[in-house]
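Chain IDs A, B, C and D follow the sequence of writing; residue 1 opens each chain.
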């Protein structure tokens, strides 16, 4: 699980079916007792009377995959977890759709809670992905993380 | 959302489809930016050579629903969250199946991470639910939380 | 006062029934626990909780409800 | 040495192109940043990061790769 660099990117919004399939595929791993899932959803933020209708994501995908792989490896070393999966959208994701899906599983809940938060923080801080917020009047602004 | 006492109980294991339907139903709430989902999965623990094949849950359901309602109300007061849903299995849940599903949504991730952990801890500590671990040789032991 | 005690989880096994009627008069939770522990010495090591009206009681509270829940430690989740 | 610079996110807009070739000789990241800020004064307020070989560089590191990524702040998630 921890060896190969995986492609985290999914074109467009991440479907709820993708998430349920991912959960289903863990039911054979009966050493798992706790899953923690983070989902980021595109907000229809209002900025000076305009409303965000989508975010268009671009990335240095090769480096992004590499950094996510490093984040995974470090987290497996730090916490007694069984599985970790990271997915991020590329291209246009409409308001209300899911653009990031991070899934951590372990025997016990303490590890998944701690690991998931750290991983999400690290993805936001260290992975070269760029979000362009598209407004309903065809203007845009660049998303900023904090 | 916060007013009526809801029934948290689902007969048997909680299906991944239930979870994806729940996610889907939040896509119209475009003020949400972050979801955090906790899932408890029945572990096939080994105890003195025997393996847990299922947990049979019983509860004082009326009180359990009431306490979960109070946990929700308190969490809505404490954190800027948009939605919270709690589901727990009743009856037999096989190893590998989901027996608890807690779903918290908010504009930003800080609130969902904090709220979800606290809610899961409170459910484990304060809700009158009882798990009987069934072994593969037809014996059993009573689950203990820690 | 007639009080219906309902037992849960492993208590049902330890006691051998899931409920029973007790005749008591103006007793506190502490007194009820002491009655139960005399009647069922096998309960002594368990940390039992008593609820009335769907709420965990304080030890010095008076039993006022005719339906009382007797719980072993919770193990949901 | 010929170095291909690739720009990302809002830098593409600010600079007006997504990549370009630069001829440089044994320079550090600090020197590259200074070249870029002279050429594109509009980049000065942005906290730009430079990567080579899919790794964020240190400021005193020498540019050795022929493909360099120039990033604005990240905003994934």
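Please note the rule applied: contacts are C-beta pairs under 8 Å (C-beta built on N, C-alpha and C of every residue); 3 or more make two chains touch, one makes a residue touch a chain.
Values in this document were obtained by computation on a predicted structure and should not be read as measured data.
Chemist: Leaving every chain except chain A exactly where it is, which of them still form connected groups?
Modeler: Leaving out chain A yields the groups B, C | D.
Chemist: How many angstrom lie between the CA centroids of chain A and chain D, rounded to a whole number?
Modeler: Here the centre of chain D sits 26 Å away from the centre of chain A.
Chemist: What is the distance in Å between the mean C-alpha positions of chain C and chain D?
Modeler: 71
Chemist: Could you please state the distance in Å, as a whole number, between where the Cα atoms of chain A are centred and where those of chain C are centred?
Modeler: Inter-chain centre distance comes to 48 Å.
Chemist: Please output the residue numbers of chain A that touch at least 2 other chains, ranges allowed.
Modeler: Each of 40, 120 in chain A touches at least two other chains.
Chemist: Which positions in chain C are in touch with at least two other chains?
Modeler: Expected reply: no residues.
Chemist: Pull out all the chain pairs that touch, please.
Modeler: Going through each pair of chains, those in contact are A-B, A-D, B-C.
Chemist: Which chain C residues qualify as touching chain B in the complex?
Modeler: 6, 8-10, 51, 54-56, 69, 71-77
Chemist: Which positions of chain B touch chain A when the two form their complex?
Modeler: 16-17, 19-21, 23-24, 26-44, 95-98, 105, 107, 109, 113, 116-117, 120
Chemist: Using the touch definition up top, name the residues of chain A that touch chain D in the complex.
Modeler: Against chain D, chain A makes touches at 40, 57-60, 62-64, 66-67, 88, 99-100, 120, 123-132, 142-145.
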